[in-house]
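Take a look at this one; I'll ask things after.
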Amino acid sequence: MSQTIYQSFGYILPETILSVFFVLTLLTSIVGKRRSKYLPAYMALLGFVIAGIFVLNQMGTDELVFSGMYAVDPFSWFFKVIFLVAGILIILFSLQSRELEATATKYAEYFSLIISLTIGAFFMAGATNLLMMYLSLELVSISSYILSGFTKESARADEASLKYVIYGAFSSGLMLYGISLLYGLTGETNLYAFNQTLAIGGIQRITILIAVVLILAGLGYKISAVPFHFWTPDVYEGAPITVTAFLSVTSKAAGFAMLMRFFKIGFIDVGAQPVVAGMWEIFKGFRWTDIIAALSVLTMTIGNLVALWQTNIKRLLAYSSIAHAGYILMGFVTLSNFGMSAMLMYFVAYLLMNLGAFYVVMLVANKYHTENIEDYKGLGYRSPYVAFALTVFLFSLTGIPPTFGFIGKFYLFAALIHTNYIWLAIVGVINSVISLYYYLNIARNMYLRQPSETSRISFDFGTNLLMTLLIVPNILLMLYFSPVLAWAQNSVTMFGIR
Amino acid sequence: MNLHVGLTDFLIVSAILFSLGIYGVVTRKNAIMVLMGIELILNSANLNFVAFTRFGLMNLTGQVVAVFVIILAAAEAAVLLAIVLNIHQQLNTVNVDEVDKLKN
Amino acid sequence: MQYQFLGIGFLTWITFLPILGMVVVLLIPRGNANAMKWIALGATILQLVFAVLIWINFNPSLSGINDPSGFQFIEKTRWIDLQGVGWFGHVVVDYFLGIDGLSLPMVILTAIISFVGVIASWNINKAQKGYFALYLLLDTGMMGVFVALDMFLFYVFWEIMLLPMYFLIGIWGGPRREYAAIKFFLYTLLGSVLILLVMLGLYFSVSVKDPTTGQMMHTFNLLDFMNPKNFDPHSLLGGLGTYWRDVAFIALFIGFAIKVPVFPFHTWLPDAHVEAPTAISVILAGVLLKMGTYGFLRISFPIFPDAMLKFAFPLAVLGFINIVYGALCAMAQTDFKKMIAYSSISHMGVVLLGIAALNTQGVAGGVLQMFNHGIVTAMLFLVVGVIYDRAHTRDMSAFGGLATQMPIYTGVMTVAFFAAIGLPGLSEFVSELLSYLGAFQSFQWVAIFSSIGIVLTAGYMLLALQRVFLGQLPDKWKGLPDVTGRELVAFVPLMAIVILLGIFPSILLHPMNASLNHLVEFVQKAGSGLMAAK
Amino acid sequence: MTLLHLAIAVLFLPLSGFTLLIFFGKKIRRSDLVETAILFVALAFSLYIMIEKLFILHLGTLDLTFRWIDIGALVGHPGFVLDLGIAIDNITAIMLVVVTLISSLVHLFSLGYMHDDIRYTRYYAYLGFFSFSMLGIVLSNNILMMYVFWELVGISSYLLIGHWFEKKSASDAGKKAFIVNRVGDVGFFIGIMIVFTSLHTVLFSGIFKGIAAGQLSGPLLTAAGILIFCGAVGKSAQFPLHVWLPDAMEGPTPVSALIHAATMVAAGVYLVARVYPMLDADALTVIAYIGAMTAFLAATIAITQNDIKKVLAYSTISQLGYMILGLGVGAYSAGFFHLVTHAAFKAGLFLGSGSVIYAMHHEQDMRNMGGLRKKMPITYWTFVIFSLSISGIPLTSGFLSKDSILGGALAYGMLSGNYIIPVLGYGVVFLTAFYMFRLIIVTFHGEPRDLHKFEHAKESPAVMTIPLIVLASLSLFIFYTFNPFSPESSWIMKDVVKPESVVPAAQSRGWSKPAVIETAMSPTASSTSSQAQSGTKSVTYYEEALEESHYFGMGLSLTLAFLGILAAFIIYHWKKIDAEKLKQSVKPVYTFLLNKWYFDELYGATVVAGTVRLSRMMAWFDGHIIDGIVNGAATVTRGASTLSGQFDHYVVDGLVNFSARFTGLLGRGARQVQTGKIQTYIVFALLGVIIIFFAFRQF
Amino acid sequence: MNWYDIIFYAFAVITVVSAVGVVFSRNILYAAFSLLFTFFGIAALYVLLTADFIAVTQILLYVGGILVLIIFGVMLTSRAFNVEVKRGFLKRIPAVFVTAALAGTLIGVLTTTRWPSVNFLPYEETARPIGVLLMTQFVLPFELASILLLVALVGAVIIARREKEKRA
């Protein structure tokens, strides 16, 4: 249970390690050759690996530390693993990014910012206090503002970062205002205390509603849910690909972790006896599920529909990631552990397929100097393996066997059917059919059309290896998804909640 | 002390500030003035926190939060200004309206 | 498990042999197109060998359908087995393969058509490696659908098939291949996601006792779905004749109907068939369409007998529409391949009509028609392929008098056409006869109206025959060579089957016998008996 | 070897010939001879079977049944079983001989006639296949197998009509024959479905037993009878499906002789004879009317035709009408008798015309012939015998059979009051005699009209004349009876006994004599007993009516036949009346007849064009509307696009494009919001907050 | 009406009016100066709320830090002080509408809410308890904030720094 402050420090070792390496990585700019990317990258990798060891050590821990500020529980543990894997992959990607070479003198800062963003994400996943939520969200945001404008010679990146920072600051302002209202209502910033206050009752719901909607604006911005998604395409398109990839996974997952924890801890009616095991009851009179269902439908539909029109693959993936946020939100609507585990499963899938897709996009941008879908013509003949990889990732994103994306979607729909949200499931499947069209459009360009130039472009062994490392789990986990499922089911436990 | 001025009055002031801040954010062309709007929003939130602390809540959490918010505002302002400066350098404008090449 | 080879069951072999072949094909360096062809051929021949072995060892007295002990060549292992974490129940997905009299013909058909398809692919000259790899993957998907008894597994195979199909049409197809391929993909995906939802509904509605632990658990086992007792009374699909059961039946129906294709979900078919390369058209028409009707029989009917009885009449009417509408559309075509594509719609209508009748002869006719149509349409598409290879046009009005130029070809083609017309002595006659007889017993007028199709079919087929083969030979086709030996290798077995089954349908009906009777009886009883109780 | 085994051998001999010729035709030097020889062997076997059956076994049926399909029953479930098999009774035995005889003679004839054909081997193969199919029909003991062979003869007919497929008219004719037949077959098929569904068997014996037991009765039974008869309508070219037969003359002439005159077309009659017991009064009446109508219709058309084969074709239709009429009115034996005699003389006529055509180098128009009598004496004289036979002049076989049909018709008219049937029947007698002799006179008498061809014309070789002579002799009375004026005394009439009806009494014609009497008495005996009662002139029984009308009928028909012949001689030989003037004076009628009552045009304009139009419509519908509807909003598009005039463009695009367009429009709308201006985004986000708040305010 | 009320209203009016100035003034420098008054006004309100520590922090950080930063920004980026700073009238209409709706909603909700307690608590020292809280209960946010500041610092530097290469 609750730990003293002194004891508490033992539980944030991974975060501490990352912070240390954040500084160490920054310092490499003084030590090493200024233009070398390897030293800071390896330093950051080392940090991630060591932090990873400590994270793995925390497996099964279920504690609330720092006087209720921060939970180290299976739920946050799950996300931490995701963040670490994403971080490591992004570092590996970044080593190959041609875009970043323009800012060769700032590799140390770049990699350290990746660490800082991860730290923020860690805290987001575990924050059980509104203040912590706000601060960690800001840490992630500020890191991402800088990262997205990192290649500042690129006008696109500058624009992206400006838009991002304005939108982000504004959204967090709204969220803060909402938090202040919640504080006024309950006198607490701690979610557990907040829950208890609600349990006592007597609080006007309409005030809570506006407060929560304002908070939702902040969270929605992080997970890019419609109508708070507008920044997403612009920023994703403008930012360097590696950063986009990173944002699309880590930042979004962190946002989801926070959203889930906020609603689950804040509004769950612990006293209510659920009809079906694993369902939660939200305090009577709150219609969060309806709101989230509406957001979910809007998010996936708009994301998919607009994606149909995109010609830039990064932008397309941005919209697709919006749509995926919509899919994931569906799991939350069910208000059940089942839905939650499905969401967690989906994150694993999403991590693998989205990062994979962005990786391929980066490789293509490196060698073919284009992000235009039209220019993917004949890629299947010019660089077969890369095209194959992208195809796998795209089908995974669509959710077609034999890819892990299918299992992700499968469990989401399962959760919906389980809780009789059939209409939402139907919306979901129709959306995934629509999404097929634009994903296939890329595949079509790669295979069904002839390139104007036919010379083959091959990639080095390391690249292929990394790609294989991404492809294999995408397929293998479909063929045997037990471990992921078990992991996801184990991870729905938040501290103090069934 | 029997006062006429109560919590609600502070909250109204804060709400007005909040709204003005939002208005500033959405109408101002100059990025720095947008930042000013954001600062207004943050201040209004802070005012809420402090007011709630004083009116009836037995802890100082709100004030502590306010401290953090002020720190954060500074950090955010710094980053935003840096970005604006960079934009100014690269694109020769600080006009938010004109930074719209990424769209659709 | 006595039917094993190298310790692995026959069904696993027959399903995954092509994957093995695919791996080998992928390992062959580029440029060795011949080696790839032979590997693919080898894989399909081995598959055929297994199919024959299965056929020989098949025990026709076992029924199957909803009776686990009636299935043969069963392979059942836990694929996903997750002991309950917390309150999450026990999650189980079985690797459960098995065949009964219903799937046996389909397995054989798939093996035959796959083999024929490889031969028809012999002169693919573009990206052979990709072609044969995808082809073999497709083969596995198809075979898997017919042997899977776990619905999850079924669904996975069902979907796996889509991917290679998309590329096979899209890359190696005709001029409008992109359009056709994406249309095919979108349509079928739409159908399959509906199946997915129903599958999930079933999963949560059915719970059975885990044989090992004794606790209740959800399952994807198709056979468990078929037992009305397994449905939790308060679950979504529990209780017979309820609203959601009808909805689920319709959703499943649409899912499968798109594959069949049933009017009005058929519009993908002409495009896909026309644009696909010959071998793929053969596969599409020969096997893929059968999956839809197989799905009806394997899944829709026994799991939702109540809804099935309720919707039997509309199903039969749809069958009628398919027959007449497809035939009329076929009549108006000038594109040889398109005409045959529409004829498939018409012929699949017969299947629908037969199985909707839900009596022994109707269902037997339907299943037999599935097999026969597979063989006959494969022949027809091969026929078109032969001529397209030589003349590079499929416009029937551009031909004429080929009978003198290509006599053997004409002979083959005449057999195929007459089989499609339903000429007695050739296989389709028997199946159409049985289907109609069955339908007549259940839905007199529908059957009577449907028999218009008999005339219409003769009409468009003979029209095509006349346009292409009879009359004067245009000068430009004077040099067309007759069929080659390789092509004959594809034709002869099919022709033999067509004639053999026309005369001795029992060789195929006999193994189906027990299963189909059982199916009919089971659906009738489960549907009506419990409906009455309600 | 029992008779049944022998019959199976007869059945499969031609098939083996077919297989041999198809696969090894090129390797065998004289494949034609092989096939011909096979047919003669079959003929020999058939003769043996017939003699054995008729004279040694007499009545009774030999039956061989086997189980074809057995979707065996589970316990407590009926399952599904189909039994098939062959059977030999008297009509089968006779038909076997007829078929093999005509077939072997045609084979023989073809040796000469088709000698130079490019697909000579193929031709013989098809002939073999036809023989096989036809024998199959004859031997079937069940309705399903009959249907099977029914279709097979259809196919072989298709193949043989289209033998010279380079000619568009030939391939068209084949197609037409097949499709028109199919129309009839659908009826047949539905009839089978009714029978099977009610009785669960297709065996004739089982069917009759079932009907007798009352398992199928009422309107359904009538319907079944009429529907099965539909098959006969198609195959025997009865009105209204007679249109294919004249076109079928595009095939080689021996084929016309074999298939379209003697055997296949008679299969319809055979079918009606087979299912006779299950036909109830209504069905029989329909049959009688159809027969009479056909006989008359075809005869009128035949008068005006100029193509020698067309005349014969219509004559065939007309004679088939007679047979059907005969069966319909109840003159069962007579109808069948006519089938046999007609087979001989009509095959002879065709072969004779073939001989003429051969001599005239494939000239078929009579108006270009003339005066051939002297050049081709054998052909001429056999032709005359055939014509006399078909006209029903005494001493010929035709007289015997036709007269008994007419007698039956007359009796029927008296009993039922349907006088129109005998009237038509007798009218046709006149017409038949007229057009047949018109044919003979124009072709063989007078002066040659095409001198060039006439010069080269000569008598055909022996392989062609021998069949003619054989058939001519078979057209004489002597083979059937020793009394040329008494059809009843012929062995066919004796051996082919009208089977007992199995339909319920309420549905049967009341005027059949009670079964006990009929089986107990010979025909003569029954006639005496009827004479005893006929003093009052009120006849109650068919047999009595038959006897009553016998001599009157015979006299009438003879008179009419002679009048017909006379008329032909007056107009064409002695030219007392100018044929052209006659034509002009009745021009509308003449044109009407010349154009075959405009049936082809009628069908062309209605059924064919309708189907074609429907199919086009459907195809259009498919490409446009269905695709469109499935797309989601065809109607919306239609409304909008008729304005823009781009209907096609929009709707044809089909599902994917359209739904992409539709969803794309939505997408584009959503996309417009993405202006690139960050403040717009913020406004939208705020709007979102407000909307969410107000939408969910009502707690 | 007592002094407290009068002072409150005075500062409330100052705050709001200067905030209006921030949002509406045409000149960017005027806006910046208005912001100064707003900050001061809020600080005064903090004092009225007996939050002395926060008030001081507000003045130190906001006025001394952020505002100076802003003015630096203005100086560095504005070529002329009287450039158009507002968006066009038409573009403002939705903004006005939305803002008004939000303000109305907020004020409506806030005034009708029954807050748990509206008693004005007597003055207590705040600086020390806040310090204690920061080191005990809020130590984790404190640490987090430090990282955040470091990140912001680094970020601001690398973004705003002029590249040597670029000049070269």
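Points worth noting:
We just call them A, B, C, D and E in the order they show up, numbering each chain from 1.
Just so we're on the same page, contacts are C-beta pairs under 8 Å (C-beta built on N, C-alpha and C of every residue); 3 or more make two chains touch, one makes a residue touch a chain.
Just so we're clear, the structure is a prediction, and the values are computed from it rather than from any experiment.
Put simply, the chain farthest from subunit E by mean CA position is D. Ranked by number of C-beta pairs in contact, the top chain pair is B-E.
For subunit B, the chain with the farthest CA centroid is D. Per-chain Cα centroids separate subunit B from subunit E by 5 Å.
Taking each chain's centre as the mean of its C-alpha atoms, subunit C lies 70 Å from subunit E. Centre-to-centre separation of subunit A and subunit C, using mean CA positions: 42 Å. The set of subunit D residues touching two or more other chains comprises 656, 671, 674, 676, 678-679, 682-683, 686-687, 689, 693. Multi-chain contact residues of subunit B, defined as those touching 2 or more other chains: 11, 18, 21-22, 25-27, 34-35, 46, 51-52, 56-58, 61, 64, 68, 72, 75-76, 79, 83-84, 86, 96-97, 99-104. Subunit A has residues 131, 135, 138, 142, 145-146, 149, 152-153, 161-163, 166, 170, 174, 181, 184, 187, 206, 210, 233-234, 309, 437 in contact with two or more other chains.
All chain pairs in contact, by the document's touch criterion: A-B, A-C, A-D, A-E, B-D, B-E, C-D, D-E.
Contact residues of subunit B toward subunit A in the complex are 11, 18, 21-22, 25, 31, 34-35, 38, 41-42, 44-46, 48-49, 51-52, 56-59, 61-62, 64-65, 68-69, 72, 75-76, 79-80, 83-84, 86-87, 90-91, 96, 99-104.
Subunit D makes touch with subunit A in their complex at residues 656, 660, 663-664, 666-668, 670-671, 673-674, 676, 678, 680-682, 684-685, 687-689, 692-693, 695-697, 699.
On subunit B, the positions that touch subunit D within their shared complex are 22, 25-27, 34, 96-97, 99-104. Only residues 131, 134-135, 138, 142, 145-146, 149, 152-153, 155-156, 158-163, 165-166, 169-170, 172-174, 176-177, 179-181, 183-184, 187-189, 233-234, 237-238, 309 of subunit A touch subunit B when the two sit together in their complex. On the side of subunit C, the complex with subunit A involves touching residues 79-82, 85-88, 91, 127, 155-156, 159-160, 162-163, 166-167, 170-171, 177-178, 181-182, 185-186, 189-190, 193-194, 196-197, 200-201, 203-204, 236.
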